[in-house]
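For reference, the structures are reproduced in the following blocks.
Here subunit A shows up in two complexes: once beside subunit B, once beside subunit C.
Up next is the complex of A and B:
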């Protein structure tokens, strides 16, 4: 098992910058997710760690050893592909044994090691099957077995659940995490599905446009998004983002929403006071108060019943908002009601840079600041 | 009336029968010339030029004997003085008052065809699969322009380059050499080979090689152990197409070969017998000439279909 350290890693394809000057440290035994929309550079980052892509500049260290210029086979890393990349002309047994064969492991030893990973992944009964006979989930298990069989220093997974159906994906999520808890292998997991990243990873790096915007544990990412993009990408429904304006007034700083005829909103307290000028107020759907007594007038546009809770879609002068309320909440579509914001559970963003200006009150302290976008 | 559900794209019974008849008729039309050649190869010279043409005749191997031998006519007295014939073909020749004076050049020409045909096919496939792999996988500068350029070598009539080629080959000492012909046929076939094979290699997911490379192989090993086995349909189809071309090629063979490296196609029509062309011998040579390609194609025919459909149907 190994620590993976990326420093000033940069990759450009002609004019297009796929990964921009990235610094990340993935700790030994960590389940680390790279999360972002397609084209954000997450897969390119993963492929550079594997050696399938040459970085334009920067370094990749595996346990302190510089590997950026050595070929994939020498890095002793396993890669699980989205399409599994199982050889159709070989059966399950031979597919799993393939990495051992390419390294010249003798047949007897091969069989033993294959049997062992097959036992861990509970696919012993499939060893004689052809790949084409397997269901999606089993193919994924075989692909994992092939990755695990030679005990690599780290696992790299590129959307390994991307082609499975929703039910199988949820089951495999638990299985993958359970497997990781047992073997404790350093794992880098690429996905565009925030649910997947949030549910499995110890730490998540959110990427967009080639930049790592924030690398943090799921809870920190959720409560204290470092940028507007992270706030909008993580969470379902995502954080409500309201255009607002800061005013420095004699009686104290006032935060007003951009829309006409809206009341002043209680602002989160910032160390340097509220900056004057445009701001964005971010509030998670579960932190909005919905009721006629609240100050911002709104109309209920839609109400989804989700069993354990309800999601209300509200039209207010400040725009369309989503609120997560209890399953017994009385609001119905068409009702006129009000929305209230708790300043301790809101985050202000600077719209010009996109970065957050405060941390949510009551959120746990940062475990370590390292791995962030700017050092 | 318990018809099971039938897809509307599935042809009906009558349509299938009509299609079968059309195909059978077409096969018959294309097969008649070939059957006629094979038939003629077993005729005597008189039967071969008989009018009206003879469909039923007494078969003889004279044509085959004549292809492989040179003979001379002797006086009846000389024929009388000879010891009895030792072999069946001696006997056959003597019936026409002739004796075998030696082997003909057909064997050499046939061997030349084999060397040049299979040599250029081998070279075409090796170079083609490497080039196609590079075009498919690497960021080759000006890739699309290069691919078009490669294809454009097939866009002019071959006779347009006849004179430059002739001069070039003479200067380079490649005229009438096996190497020269192999290079020429390889150059002509490569364009098709690169296009055909690139299509096949594009269809093989990169992940296979990448997985092999992560698992311990170098790129070349991954190419050999992962890409080649999966591209074998394309390789077989390319080999057939390029063998058919170089085996049958006539124009350049006439132009560039004579004594040493002449292939069978320019040689066959010149087989002269008594009083003009020896038609049974020509037909016998043609029949023998058809065999290797026929055999090769039959052996690899399941890949040929894949080649014609360009990997589109799997």
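Up next is the complex of A and C:
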């Protein structure tokens, strides 16, 4: 299995820049997700790694070997397009053996290798079955087996679970990650579903408009989003973003929300003090305090029970906010209440650049600082 | 809006029985969700209320009147399909007026305008009446879609997974909007879905339907915390219920076959803090999802799920101790029925006996050996 290193990777289609000057290192054995909305450049990045798209400039290294100009077949990478693309007239055994047969691997060896991947994927009992007899999950396993049997240097997957229903998707997510834990294959996984990326990936690169905005482990993205876009894209519900303004006053720095009649809020401490001018205050739903004693007045618009907790939708002069509270929280739709922000659990953003100005206090330090422009 | 009542509805398709003695009622102004897996009979129930299916036996009552023999048109119920099933080339006004221009209605232009404006005011979309449907936000489309049903002044709304095709973010937002709107309008809604999150968040009461049988009806909190049986426990909740088989004879003699514990109630402790009654489990994997973390655990060949809200609560790998808390366990008999059925009685030791959790702890010793 290989390390994949992208350096100054750039792809333009005429005027349109699909991927802009991207630097990423995907470690050997890592499950790495490219996450972003449609059109963000994640699939183009994946296709360049696979060799299906030629970069405009920049380099792609597999274990140090430059492959940007090498044709796809020679890169030894398995692109799992659509996990359902199997040959319906062949049985499971022959489907899995197909890539070996086309390479001229002798029959005995083929059988051995098929048996081995079938064992890893726990589908030995299905080898004689017809594809049409298989359930959705088993088909997916067979398609994976066919990709694995070539012993590729890395797996590339483009929304492989996209066509499945929610329940099946959760089961396959679990299975794909379980499989990864057993074989530790370098995997690059493209998705627009933040939940999928958070639950499966060792690290996630969030992309938007051709740029990698942040590449980090899931909880680092979650607690310390580097930009407003990441803050709003990751999390369900996403981070609350409140328009605010910094004031340098005689008594000290003051942070005020940009809404009529709202009290000053405590600001996270920044190394150089609070900048004067427009700011955005970001707070995760579970970090908002909700109760009549809290200072920002609000009305409960919706209160959703979810078994282990509740999600409140709150209308305040500073806009609509979502809060995650305990299942026993008394707030009901229509209630008047208050919202409080703990400055140690808040992030300030500069709205002109979109960049975060601080890290959440008490958040664990970054394990290592490489892997992306904002790392 | 009106009360809806189903009495002993049975429905067969050929030799397959789709619904079996189905009875429930929806109060005027209530949001009722039928939750169940594919093939449970949810859509058949909806179509029976609408008059699109004839029951083999039983009655449908609308506003207290027996409507079993009525045609769909006579019933005045409003099906709401996908959010975006609006006519894109028409304005909001024309979309809302459309059902009123049906040949049978014979309403004058002034009456149509009056009704459309009244509904638009209720839905707070007055200012959008001249906009094309395509120029609306997701939430506004939902309002127009409901409004188009509302102008007909229906007895109730019938909704068949109206949010299922939308992406997660939009769905979340529209869910909150729909619930808010229903309360504001006092609408009677029968909503069917296989998504337990929708059922929990939208419903005043949920009915869990499995295999044509209504398993349990109640407010979401009650159905989640006090499921009548294992089917219901598995339908409600996004992680599988942890189930522990009971082997000890003294406990089995009291009819307890399995103990169930929700993922958020399974206590996970560092291995060195393990008490004599705790289970030892291997951590297979931890999903850190932001506000919550889910640990996938293994005891023998059994999978357990634990959910927590503090960051770093579960170690990434290795051994942990698992404890079943007294107050948060459910006891099931061999048929899967929950034993301590009345809310409030949960967790209390029956006279002369031990509580289900004590039983679980004792049972845990057996499981470990």
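The rule we apply is simple: the second predicted complex is superposed on the first by the 366 of 375 C-alpha atoms of A that agree within 3 Å, B and C clash if a C-alpha of one lies under 4 Å from a C-alpha of the other, contacts with A are read in each partner's own complex, and residues count from 1 in each chain.
Here, a residue touches a chain if its C-beta (ideal position, glycine included) is under 8 Å from a C-beta of that chain, and two chains touch if they have at least 3 such contacts.
The shown structure was predicted, so the numbers you read here are calculated from the model rather than taken from an experiment.
Because the two structures share subunit A, they can be overlaid on it, and in that overlay subunit B and subunit C fit beside each other without clashing. Of the two partner chains placed by superposition, A:155 touches none, neither subunit B nor subunit C. On the chain A superposition, the C-alpha centres give an angle at subunit A of 90° between subunit B and subunit C, rounded to a multiple of 10.
By the touch criterion defined above, A:308 reaches subunit C but does not reach subunit B.
Of the two partner chains, subunit B is the only one that A:98 touches; subunit C does not reach it.
In the superposition on chain A, contact of A:79 is made with subunit B only, not with subunit C.
Residue contacts after overlaying the shared chain place A:195 against subunit C, while subunit B stays out of touching range.
In the superposition on chain A, contact is made by A:178 with subunit C only, not with subunit B. Look at A:235: by the touch rule set out above, it reaches subunit C but stays clear of subunit B.
When the two complexes are overlaid, the chain among subunit B and subunit C that reaches more residues of subunit A is C. Contact with subunit B, but none with subunit C, is seen for A:87 once the two complexes are overlaid on the shared chain. Contacts of A:52 after superposition on the shared chain: subunit B is touched, whereas subunit C is not.
Per the superposed model, the minimal spacing between any CA atom of subunit B and any CA atom of subunit C is 8 Å. The part of subunit A that touches subunit C in the complex is made up of residues 166-167, 174, 177-178, 181, 193, 195, 198-199, 218-219, 222-223, 234-238, 284-286, 301-302, 304-309, 311, 313, 324, 327, 333, 364. Taken in their complex, subunit A has these residues touching subunit B: 50-52, 71-73, 75, 77-79, 81-85, 87, 89, 98-99, 102-103, 146, 150. Considering their complex, residues 205, 207-208, 210-219, 221, 226, 229-230 of subunit B touch subunit A. Looking at the complex, you find that subunit C touches subunit A at residues 168-169, 172, 175-176, 179-180, 183, 194-195, 197, 200-201, 220-221, 224, 236-238, 262-264, 284-285, 287-292, 296, 307, 309, 311-312.
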